[in-house]
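In what follows, structures are represented as structure tokens.
Below, subunit A partners subunit B and then partners subunit C, in two separate complexes.
What follows is the complex of A and B.
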């Protein structure tokens, strides 16, 4: 399977989940995602699901606290001026977070499918214009720069006695200093690259050339099996709930 | 035979500017590969893994047919390290990675701004042999504070063009009273980075006040890691540390005894201006350091000795060499009993290095404890010290 094929499968699944499918449509989409996970991703699928759960869990807790604990009714009930119940609020939060979990899990599964590739190899293999690939590389670069800046700021503030490595009240009080140090570091790291390294080397032009793939095929191998199945499943998901409703 | 240019001279003599002028000279190269003093100017910053960093620079045969003929410079097994983030390499290893990328690239010329000072002796010799005028690289321009004139290289000697940052690190030490630094005792220390091999395996080590220790080992041995453990940036997997006979766990309770000067000075600022930075340090260490050494006036005097007249200077607006000198301010202020300096002489001219060595020797004579990391043998020889040799997860005192 090519990265283009896997990302197409992922995009169709995500797009379909955003059409607000009913129970039958949702079941079809989940079945397709599970089949992809078992056949294509195998053992690493558990890692992908765990990562998705870790990403969505904080939001789910916050949403639960807000809608079930504080508001006590679903948004639709508020719009209708009804009294509302916490159960309806819980269903609302569960559906929203469930959909988000599905989307994040699909993204993770697609990425884990190509775990053997480095980020640059994966981006290079995508059938996208070089400009779009460059945006992806620079986005990853910015994320790495921020992580580097956080590391630098931690060293500075811990060595200066302002923060501690372990959780502490001192850390909470001085967290804004960490933010300031991280932003200053991130900006100066970027400027350091752009002032000397990139202009001397024309590094971005070099990147563009390394992202060109020549005449690579858009889809190949198992894409020919997965793409018709995905399109078929999408059509079934659309039809299934209408049949159920009629 | 390739063109070789060694640009020499003191700090603030315009060497980096001269290097850039040379690179713009079409006769030197249409385009050059650049290795700057620290990671942000040595690596592209566009890759999340070492394999990708190499992938960006590796010449495509269809674009540069001749480039494939050049012998690769590979002092480390970069294929085995391919999945690691480039930023997790030590400073010296990052320079080696940059040189490896250059050797695989289509660039015909190479410019190096003081980056070789981060290399251990063996790697520096390998790198210089690779850059031999009869070797595979066409043109090379190099700034270095430690190298003598090299055979086959044209040396350009520049003179200082400003006295603005005149620096004498001995001055702050001259009026310090005696201070007996408490002993640091380490027993059974183990440490490894997540999913990495053991950096330290059951290390036992005893550091006494009134002595200097040089932490020595090849690039990537874990020298900086030990400093990070002792100031509390990292927590050991196992083992215990005592300070003056009492349990010391800076990773839990915070650093209370060690003034750290980092290899890259920009890894240690905790404020935008020097005044902010020092005010935060004074607040953090109030009650743990003698009040007179924590005063703003004292800090201002030390800053002036290091060439910075105003505490309102924005740190990131100062030249790199001046920032490196300011990184010594907190250790030289005498506020804390232990000084730990990571490659303190990096990027510094001979006069400044000699004065810094004298200042550190003075502090040792006053009873302070000094632990320093350096690949600068000449600098180290001027500070009476014991060697702590790192290797294979152990530290041996010689």
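What follows is the complex of A and C.
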């Protein structure tokens, strides 16, 4: 399966989950996602699901505290001007978090499907213009650069006595200096790369050459099985609950 | 339009949006701070408004693509990012000379920051409203949901509560973001800016 095929399957699943499907439609989408997890992702699917749970769990706790604990009503009850119950609020938050868990899990499954690829290889395989691929690669590289810049600026400001290691009022007052130092550090690093390092090493043309996919086809291999199944499942998910209702 | 330095700027803006926005989201603060890179990208390309809009928009969407892995709410606000990029290019870019003036003219600087921040915030609140209300029923995972809950508790309807929350929260958030972007713009080395505009 190609990354283009996997991302298309993921996008269709996410789009369908946003159409607010009923129980049958939801079951079809979950079954398709599970089939993708078992057949394509295999053992790594557990890692993807654990990551999705770790992302959504704090969100669920926050929303539970806010909407069940503080507001105590579901939005529909508020809109209708009804008295409202905490049980209805809990159901609403559970549904919303379930949908978010599904979306995050699908994203993680698609990413885990290509866990063996480096970010550069994954981006290279995507059907995007070379300029967009270049921006994505440089952005990922810059996030790592920013992390290093944060570490260096943080240590330097602690050594200078501007910030402290533990949480303190001094840190709150001078946090701006950290942001400024990180930005200047990142800009200086990028200036150095653009002016000296990249031209000498011919980095950008080498990057462009490595990002070009040449005559590679948009979809190939198992995409030809997964894409019709996904489109069929999407249509089924759209009509399944209507058939049940009529 | 997309010269190498500008592609770098887009990536820098995206990385800045992602880094600060993710920290704020995980801390559940009642602000966002996820567009500083977008605003800064536009300011660095002043006075070319078209380049400022396109590069700010690209930075915003590149960071959305990455932030969606951490914050599942964020990708649905893609149109808000377009609106922020547009207002920044049309309004905030006009204040670039004031933001970079040496010595700093504090009253003029403050007035421009507040004006640009409030305008960006109001537009952002209005564009985000349909997503907040119709897609998530007023329930989002950010700290600003506290404000929605507060307004609902005071007897407001959902639409009004989400709108009021946006109108209270977004202008404050955007004033802070314009202030941070303007201050970063002030300290950015001139040769980097010349490279971007050249």
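Observations, loosely collected:
Everything that follows uses one rule, which is that the second predicted complex is superposed on the first by the 179 of 246 C-alpha atoms of A that agree within 3 Å, B and C clash if a C-alpha of one lies under 4 Å from a C-alpha of the other, contacts with A are read in each partner's own complex, and residues count from 1 in each chain.
As a working rule, contacts are C-beta pairs under 8 Å (C-beta built on N, C-alpha and C of every residue); 3 or more make two chains touch, one makes a residue touch a chain.
Here the structure is a predicted model, which means the values were calculated and not measured.
By the touch criterion defined above, A:148 reaches subunit B but does not reach subunit C. With both structures placed on the common chain, the touch criterion links A:118 to subunit B but leaves subunit C unconnected. Once the two complexes are overlaid on the shared chain, A:138 sits against subunit B and subunit C alike. By the touch criterion stated above, A:53 is placed in contact with neither subunit B nor subunit C. Of the two partner chains placed by superposition, A:128 touches none, neither subunit B nor subunit C. Look at A:180: by the touch rule set out above, it reaches both subunit B and subunit C. In the superposed model, A:162 lies in contact with subunit B only, and not with subunit C. In the superposition on chain A, contact of A:188 is made with both subunit B and subunit C. In the superposition on chain A, no contact is made by A:44 with either subunit B or subunit C.
Comparing the two complexes, residues 138, 140-141, 145, 180, 184, 188, 190 of subunit A contact subunit B in one case and subunit C in the other. On subunit A, the positions that touch subunit C within their shared complex are 18, 55-56, 58-59, 62-63, 66-67, 70-71, 73, 75-76, 78-79, 81, 92-93, 96, 100, 103-104, 107, 111, 131, 134-136, 138-143, 145-146, 150, 176, 179-180, 183-184, 186-188, 190-191, 194, 204. Considering their complex, residues 20, 23, 31-34, 36, 38, 40-49, 51-52, 55-58, 60, 63, 82-83, 85, 87, 107, 111, 113, 228, 231-235, 250-256, 258, 260, 262, 266-272, 277, 280-281, 283-285, 288, 316, 330 of subunit B touch subunit A. On the side of subunit A, the complex with subunit B involves touching residues 118-121, 137-138, 140-141, 144-145, 147-148, 151-166, 168, 170, 177, 180-181, 184-185, 188-190, 192-193, 195-198, 200-203, 206-207, 209-210.
Subunit C makes touch with subunit A in their complex at residues 2, 4-5, 7-8, 10-12, 14-16, 18-20, 26, 28, 58, 62-63, 65-66, 68-70, 72-73, 135-139, 141, 145-146, 149, 152-153, 157-158, 161, 180, 183-184, 187-189, 191-192, 195.
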